[in-house]
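First chain A sits with chain B, and in the next complex the same chain sits with chain C.
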Partner chain A sequence: MTFFSQAFRPVGSNKVDPMLVALWIAFILLAIIWITPFVFIVFTSLKSNSTVMGSSAFSPPSELAFGNFVAAWNRGNFSTTAFNGIVITVIKVPLGLFISAMAAYALAKVPMRINKPLFALFVFGTMLPFQVMLAPIFRQVNAFGLINTYPGIILPYLAFGIPYQVFILYGFFSAVPKELSEAARIDGASHFTIFRRIFLPVSLPVLSALLILDFVATWNEFAMALVILQDPRMWTLPLGLMNFQSQFQSDYGQLNAAIIMTVLPAALVYLMFQRYFVSGLTSGAVKE
Partner chain B sequence: MKRKTNLSATFALLPTWLVAVVVFIGTMAWSINLSFTNSTIFPSSTYVGFAQYAKLFSSAKWLASLQNVLIFGVLYVGGCLLLGFLLAAALDRKIRFESAFRTIFLYPYAMSFVVTGLIWQWMLNPTLGIQASVRSLGWESFVLDWVVNRDLAIYALVLAGVWQGAGLVMVIALAGMRGIEAEQWKAARIDGIPVWRIYVSIILPQLGPALAAAGMLLAMGVIKTYDIVVAMTNGGPGNATEVPAKFIMDNLFGRQNLGLATAGATVLVLGVIMIVAPFRYAMHMHSKARGAR
Partner chain C sequence: MSKTRPSLRPSLQGYVLLGPALIVYLLFAVYPMIDVIRMSFSSWNGLSPQAKFVGIANYRAILTQDPVFWGALWNTLIWTSAAVIIPNLIAFGVALALNQNIPGRSGLRIVFYLPVIIASIAVATIWKWMYDPFFGLFNGLLTSWGLTGLIMDWLGDKTVALWSVFVAHVWQSVGFSMVLFLAGLQSVSTTLIEAARIDGAGRWGVFRYVTLPALVPTITVVFVLSLINSLKAFDIVYGMTGGGPAQSTQMLAMWAYTQSMQLGVFGRGAAVSVVLLLITLIVVIPYMRWMFKREDMGR
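Moving on to the complex of A and B:
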């Protein structure tokens, strides 16, 4: 009871605020809706197939069938898809961010006549739906013989990741005071040194926000991978999951175990670095 | 010295130039060119004028998909922004267990659209999900069959999308609210302005840029909407949840109809430019005006 009477008071106040009580109730209802799917997946992933069919979806499992995870891992070939996902993400995400950061620095801090049209082109690039380019990119990748290879998927990923990152970083770099780089410039530092020693450190919050965003997006990407990675040995996790779903449709326990294993890395990264993510993204947006 | 500067900058811009010219302009020109030909599996050089476009706009599936993406886009982006802002305002009222609530509302954003689609397909599936559970509790006439209902399937997509994206808006808006100075609050409270008015008239305008960034991030996803549809409804029932991205993918790879797919892609690009360009221009002028001040 003390728990509830505590909950309905604003922090640092002794009075029960009726507004806050109403808010709490609405809030908890919404939170229940939000958490229901999570409960559903976790419960189902721990049920044997006969229990899934026999019981309500939201009743807790009577005995924990951890075997679902092992079975799903083996049947869904998750060691292969997870490995591919890691290779692609680990190469693509830092490389793409580095290219974007260099470009954004050059656009923002090295005055050249060509900058304006190039930046306009990037703004345009952020708006383009990638399906527009899917056919020509598929043909191009095919012409280079890169279908079912890591470079074949990493190169298009790089191309589609760059515009948004350049856009955000350009805004951030433009807002860095001139004095900071000018002083170093007079001391004879090269642009690359200024970029590495001054701009990368000050933009760490934005860079980490973009890193997280890009990590989650790359890890979860589906449509492009579907087109370019056709060999099951080259599949990434979302492809493996969709295939698992269509192949073992009625094995709900294993299917949900597979979902949990697919989602876990991205969810962990995301929730762990939440704070940096938010501060980076908002600072970039505000200073744009 | 001057020459060296430009050389290193040019080098830094080289990869991005390559992307801009080869990927954006090159592929676009290729697509537009093919949309005027009768290409099927392979590109052909027989030009047929606007025949593919005529065919496109006489296709019920394409028209339905345009309508669907419009409904989905407006409700999804609007829903995420509205709910995200409300959640942030609620959390901002110094509620207890704030970090627990924040995590609950944010965790779906880490899920891919594939997973989001699969989960909600089960939740809303009449024989397995919520409907079956409620019925087994004794309410036999309970109906929640959005994914199989022709009129409601598109709203099932919206529900799943908002569930996934609202948390992102919430954390961004909350960070913005925490940045607002206590003085402003004090002044407004002394003037006797009700709390909700403070949020609408004082705080919301200040969050403009942050919310615009979040809205842009979500809107960029709308036009590409594909994964969630494939995982949740696969376009059905009927054409109820067909979307342009899926139409293009289907015609490219399933039906081997390159001409029709590129015509669809071209229309999509034109649509995006017409909707986004004025908005972008306004934002650009706005930030310029602020910079001049």
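Moving on to the complex of A and C:
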């Protein structure tokens, strides 16, 4: 029982705290409730439709119906939606981070007249919910003739991703000691060089955290895609899932297989890069 | 570092670096916000080339004639108040527990955070299936526990539909606040806690006089972020009920979308958006002032 040998002891004490044990048990029960939806989804995705209707809802599948995944992939046009999702994410995420980092550097390290009001304008954007103004975004994209195109979705995604990233990177760049860049400036290096050679490399940990957060957010986005990508050939995974849900909602096994295939990439990315999530979220919201 | 061309003035270099992000942001985020205000004073059907100025007619229409607006506003307010309290209390409890010396902490943290990274539309689909009146998990459980009297059509009954959707929202949002609380808790000085304990403070005393005061900034942040998040509730409602049954789960963000994009009355939709924007600003502006004040004090 080495696992438990150090557990349940409060800081600075060697005795097991019975309160903590009770708390832990209650807590495990809550965690079981939390994980139940996932278990239920996985179980259903492996059942044939007749099993779903014939057996109780929470019994494990008796024969594994992996065919659900193949069928859902084909009927849900997953090859199209996954491809679109990959194209949009692969372009949007690095591009957005790069231009945000450039802007954050300029705001934090280049004395201009408008640093402060511009920074405030960006911070304001971090709290602007775009779900509130889907129609005017549609109008603007339409004015550029970009409805149902990759640039048409990528540009607004960039616009609403930039504020948070600028906010975080501004905080980070401001904390970089002056001496680091001053020496280079005396040597005659331009701000472009300093940004690329000094600031980008030192901010790699923050950039990776933002990269992963943004990957998941972009991959999962629904509302904006709903108004801009109206042609089924341009749909992303969330749009595909929504359509699958309304078209084949009584094919329970396949519907759940479709859910799993939609969420799996983001879930895997999270499990692989957990610690980046925590640092990416908290560096912005909670400072020491 | 050699230079082949004369470099720009430093401030000009700054504008070049700032340019791309600023232009995209102004064009596709700031401009639509101004446009929605202008649009709310006009009449446009989405097709005609010109929008017509109609003064405050749209506002008068949504406030006096629209049979759905007040219900949607009411639902938004109820939803928001519940959403800043219930998930955050659970998240706070979970974070406190995870901050103790208990086994399996990292696994437990994953369990509570996993719903956050799942697409909202998938959360909606998952819960819609669990609420399925015939083969879903909830009614299945109730049947097997012999509580058949409690079985209902969770999303089809307009007295419970909003709360059924809300439960899914709780499941999805607890993890987000939990991570923020955990970060706040871990920054509470352990020396201070030990000092308080040596001075004879009990579990409650430490919590009340050391932990809680240190967490005030974190609590503020969590409060504001969950408030803003709940005002924009869209995906989950769209995916689970589409605003029904009988508009009982309709909310402002969704109603603005429906008016503009589905009914083609862009002016009215814009007026609803402006109302929602104003509500958001009531929260955001004081919060920004508080944040900048703290930032200045930190320097």
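Quick notes on this structure:
One rule holds for everything that comes next: the second predicted complex is superposed on the first by the 257 of 288 C-alpha atoms of A that agree within 3 Å, B and C clash if a C-alpha of one lies under 4 Å from a C-alpha of the other, contacts with A are read in each partner's own complex, and residues count from 1 in each chain.
Throughout what follows, contacts are C-beta pairs under 8 Å (C-beta built on N, C-alpha and C of every residue); 3 or more make two chains touch, one makes a residue touch a chain.
From a predicted model like this one, the values you see are computed outputs, not experimental measurements.
On the shared subunit chain A, the superposed partners chain B and chain C overlap sterically. After overlaying the two complexes on the shared chain, residue contacts for A:Asp187 are found with chain C alone; chain B is out of touch.
In the superposed model, A:Ala159 makes contact with both chain B and chain C. When both complexes are overlaid on chain A, the residue A:Phe40 reaches chain B and chain C alike.
On chain A, the surface patch touched by chain B in one complex and by chain C in the other comprises residues 6-7, 10-12, 19-20, 23-24, 27, 30-31, 34-38, 40-41, 56-58, 99-100, 102-103, 105-107, 110, 112, 118, 121-125, 127-140, 158-159, 162-163, 166, 190-192, 216, 219-220, 222-223, 227, 238, 241-242, 245, 252, 255, 259, 262-263, 266-267, 269-271, 274, 277-278, 281-282, 285-286, 288. Considering their complex, residues 5-6, 8-10, 12-13, 15-17, 19-20, 23-28, 30-31, 34, 43, 87, 90, 93-97, 101-115, 118-120, 122-123, 128-130, 132-133, 136-137, 163, 171-172, 174-176, 179, 195, 209-210, 212-214, 220, 223-224, 226-227, 230-231, 244-245, 248-249, 252-253, 258, 261-262, 265-266, 268-269, 272-273, 276-277, 280, 287 of chain B touch chain A.
Within the complex formed with chain B, the residues of chain A that make contact are 6-7, 10-12, 19-20, 23-24, 26-27, 30-31, 33-38, 40-41, 56-58, 99-100, 102-103, 105-107, 110, 112, 118, 121-140, 158-159, 162-164, 166, 190-192, 216, 219-220, 222-223, 227, 238, 241-242, 245, 252, 255, 259, 262-263, 266-267, 269-271, 274, 277-279, 281-282, 284-286, 288.
Interface of chain C with chain A (complex): residues 1, 3, 7-8, 10-11, 13-18, 20-22, 24-25, 27-33, 35-36, 39, 94, 97, 100-104, 108, 110-115, 117-122, 125-130, 132, 134-137, 139-141, 144, 171, 174, 176, 179-180, 182-184, 187, 190, 193-194, 197, 203, 217-218, 221-222, 225, 228, 231-235, 238-239, 252-253, 256-257, 260-261, 266, 269-270, 273, 276-277, 280, 284, 287-288, 291-292, 298. Of all residues in chain A, only 3-4, 6-12, 19-20, 23-24, 27-28, 30-31, 34-38, 40-41, 44, 52-53, 56-58, 99-100, 102-103, 105-107, 110-113, 118, 120-125, 127-141, 155-156, 158-160, 162-163, 166, 184, 187-193, 195, 216, 219-223, 226-227, 237-238, 241-242, 245, 252, 255-256, 259, 262-263, 266-267, 269-271, 274, 277-278, 281-282, 285-288 touch chain C in the complex they form.
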